[in-house]
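Each of the next two complexes has chain A plus one other chain: chain B in the first, chain C in the second.
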Partner chain A sequence: MPDGVGIELAEQFSSARQQKETGELGMWVFLLTELMLFSTLFVSALILRMLHPGAVTAAALHLKMWIGGLNTAVLITSSFFMSLAIELSRAGRTSPMRLCMVVTAGLGVLFLCLKGYEYYRDYAEHMTPFFAWRPYGLLGDPASRLFVDLYYVITSLHAVHLTIGIGLVMTMQHLARAPGFLSRHANRIAITGLYWHFIDLIWIIVYPTLYVLNR
Partner chain B sequence: MSELVLRDAPPPVATIGRPETYLNDGQTIRSWLFTTDHKRIGVLYLISITFFFIIGAIAAGLIRLALVVPDGSILTNDIYNKLFTLHGVIMVWFFLVPSIPNVLGNFLLPIMIGAKDVAFPRLNLLSWYIFMGAAVFELFVLIAGGVDTGWTFYTPLSTIYSNSWVIPAVLGVIVVGFSSILTGVNFITTVHTMRAPGMTWFRMPLFVWSMYATSLILVLATPVLTMAMVLLFYERAFGIGVFDPGAGGDPVMFQHLFWFYSHPVVYVMVLPGMGVMSELVTAFAYKRVFGYTFIAYSSMAIAAIGFFVWGHHMFFNGISEYSGMSFSLLSFAVAVPSAIKVYNWAATIHKGEIRLATPMLYAMGWIALFVVGGITGLFLASLGIDAHVHDTYFVVAHFHYIMVGATVLAFLGGIHYWWPKITGKMYPEFWGRVSALFMFVGFNMTFAPQFVLGYLGMPRRYHTYPPQFQFLNILSSAGATVLAAAYLFPLAYLLWSIRYGRDAPPNPWDARGLEWTIPSPPPPHNFEEVPVVDFEPYDYPNRIPEA
Partner chain C sequence: MSGRSVLSMLLKPALVWIALMALLGAISAIGALVPRGHWWVAELACAGAMVAIVVLFSMEMWRHAPIVRLFSVLGFFWVAILFGLTMVDYATRSIAPQ
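== the complex of A and B ==
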């Protein structure tokens, strides 16, 4: 490792290498549970599609495919900047690394803004079946309501994860201001990156499952 | 326990020459509540789950009391339903799932692989706080309001028809899941990266293998339950009817998701027990374990196959004939690795230098009860027989043989075996043997009649029954009182031993394994220096006893 990059040993470990591997493996295992969490929802959505193909397609045609597509591009770009930040952290270059992380988080915020605009458009089109006081726009088969509800459940859970991710990335880049941060906690950037890439990956599954597959 | 916590710090002079242990390394309540020492967290879990076990056991006692009379005149229907839900929820999520992993696993896993602590000590403490938060909340919900759906929360009863406190109860179950997940993440990472030099995978004690398999299940299955419960919550609270056929959903899907978690979690309850068994049997047969690799791999096989058998809870819920047959076949397949273990333990005991100390008595009781529980499981996995006995007391008896017979006996056997290590004190051997005997007799008296009742057609969850079933029900209730005595004995004499027991040597059983190479109780960081493992597991001398 270059100068100024390293890990401050916690007392339960006997080497920096062990500590680094442990941190990364721990995050991987945690992400495995997250994957199972989202998989339950994906399976629910797919089963609904098998049970009621007509109603699901009718509802899915009202999803804003171009916003979803744009958001996919935004998140993939953000992952690129996160990868760049990880590479820079390994090289010990704090300032450009922090810049990349700010860009990453900024793209995350852009995603949330686009998603918010999409929710607003959905609301304007009366696609909010869970509001009892607002008439639902797509009448007919009740399964279309359920599909739209599931769309909110899945995308909002993803948005919660993304918000946590933005908080994590911003916190890390803030902590990295301290002199010598990378010489003590270089591994934390890579671990944060793993989580960020994972949220990106989940969206890459959400987008086809909800938007593309049902057309 | 609390005596140790509350006792004043001794004057400085008295500490000279006294070995530093994890117990006297700080004696304030604060030093316990903010500890990151895996051993202290194990002890915190021991105290907490004992409390919740007592609550769940009292509920069970009241259920058995109500069933003494056939007309249901002792408790109202409503109270009865709430009691068996409380019993199920508390026992499953707040006792059985955390019992062996979080108490013995926390205490022993790092020591057994030669580590100073688990991989993420603070996460470990957080897991306990999440557990306690969820547990206290759940207990309040179940006692103040009550839930009448049973621990399975089946829809549409839980979403439409029940008027009880389903929503908060579901939230408590969701939160306690995070505690399981954090423990699972911690253990998997610990086993992968924290092993001492020379501690290869196939030198790990079999208890560690079983904890590893258990953690895989916790990590992969728990989030599915979390999401099923979240969807149930949405349906009840906001009418998002994923499980409501009127809204285009499917109630059977709830059962699929629920059992996708809850069947693997049965193995979360029994695999740690199997791990404890491997330790007890080898130590008290004083012999190398027979077929080490087979036992290790069978733990992994049980964890893996366990994910593909959930449908056997749903044979008569409208799943297709072919999925019924597949799930039946796969359920039979799980019996293979389970049987491998039992045969291996039997072969280990064969021609060993057997010592019938308390832990061994528990272990032998375990084998007997597990074999009965396992074989009746095969009855239930057969489509034809299940048509006759599903949803009867036969099922209740079967899973109590596994969960109480296997898990609780292994837990108590393990607690006795490692008690000298945990507390540094010996328990009174005579009372240990008496309670092990009471346990075996009381358990069989309680649950064996239920096999008969179920076969004769008494359904589960009912509060009233035909008068001709009364004799067997009274027998079962009488057995429950014996069982209660068998639980109270250890509670009394183990607490007694903390103060009055004689000091334990580092290795009172002359057993093998890293945990017996360090003082009892262990020092705060387990090992003076990182141990180098240059020996095989269970390297007992394998002497042939004289004929």
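== the complex of A and C ==
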């Protein structure tokens, strides 16, 4: 490692390398449980498509594919800045690293704003079957309710994870203000990056599964 | 401080960004221009390639210790088993007419 970059050894570890690998393993195990969670939802979407192709297509045509695609590009770009932040952390360059993390979180906020606008458009088009007091737009197609409900479950669950990710990235860049942060906790940036890239990965699956394949 | 140039630090994230954006463009173009037929195979292939790029390069699976690589590969393998068994059931089940 270059000067000013390192890991402060905790007493339960025998080496900095063991500590780094343990942190990465812990995050990967957590992310794999998250993958299992989202996978059940993706399987449900594909099964719905097989059982009710007409209803799913009718509902999917109401989704705003351009917003979904734009949001995918936003998240891919945020992952670019997160990767750059990790590279900068390994070089011990704190200030540009923090800037990249702020941009990463900012793009996450942009994603949420676009998602909020999409929900607003869905609401305006009466694509909210879970509101008993509001008429549903595809009333003659009951099976489409299942797909629309699943769309909200998947995208809102992803939004919750993204919000946690924004908080995590901002907290980490705030902590990195302390002098010598990278000389003691350099591995934390890469571990935070793992979580952020995973959120990106989940959306990369969400976009074709919900927006594109069912058209 | 490291002697690494900004250009060398930018290289890998930039290449990953270009590859992911190109694949996103392909998925979106196929979905918008030819939404019917068997093009879903190409869409899924592009999505699979994007996932592989994120896992291998953004999440740096190749840089991790062998035990971490083992866990991550087994995790995706387990998900593939769950997907495979479930979809085989539905794909081969005959549904009686109502």
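Observations on the structure shown:
Just so we're on the same page, the second predicted complex is superposed on the first by the 215 of 215 C-alpha atoms of A that agree within 3 Å, B and C clash if a C-alpha of one lies under 4 Å from a C-alpha of the other, contacts with A are read in each partner's own complex, and residues count from 1 in each chain.
One rule holds in what follows: a residue touches a chain if its C-beta (ideal position, glycine included) is under 8 Å from a C-beta of that chain, and two chains touch if they have at least 3 such contacts.
Predicted model only: the values in this text are computed from it and were never measured.
Contact with chain B, but none with chain C, is seen for A:Asp149 once the two complexes are overlaid on the shared chain.
In the overlay built on the shared chain, the residue A:Phe130 is in contact with chain B alone; chain C does not reach it.
Once the two complexes are laid over each other on the shared chain, residue contacts for A:Ile47 go to chain B and to chain C alike.
In the superposed model, A:Ser14 lies in contact with chain B only, and not with chain C.
Looking at the superposed arrangement, the partner reaching more residues of chain A, out of chain B and chain C, is C.
In the superposition on chain A, A:Leu32 makes contact with both chain B and chain C. Contacts of A:Asp141 after superposition on the shared chain: chain B is touched, whereas chain C is not. In the superposed model, A:Ala159 lies in contact with neither chain B nor chain C.
Comparing which residues of chain A touch chain B with which touch chain C, the overlap comprises 21, 25, 29, 32, 36, 39-40, 47, 51.
Remark: chain C residues 1-4, 9-10, 12-14, 16-17, 20-21, 24, 27-28, 30-32, 35, 40, 43-44, 46-47, 50-51, 54-55, 58-60, 64-65, 67-68, 71-72, 75-76, 78-79, 82-83, 86-87, 90-91, 95 touch chain A in the complex. Interface of chain A with chain C (complex): residues 2-5, 21, 24-25, 28-29, 31-32, 35-36, 39-40, 42-43, 46-47, 50-51, 65, 69, 72-73, 76-77, 79-84, 87-88, 90-93, 190, 193-194, 197-198, 200-201, 204-205, 207-209, 211-213, 215. Chain A makes touch with chain B in their complex at residues 11-14, 18, 21-22, 25-26, 29-30, 32-34, 36-37, 39-41, 44, 47-48, 51-52, 55, 130, 132, 141-147, 149-150, 153.
Touching chain A in their complex are the following residues of chain B: 115-121, 181, 184-186, 188-189, 192-194, 219-224, 226-228, 231, 234, 238-242, 246-250, 253, 257, 525, 530.
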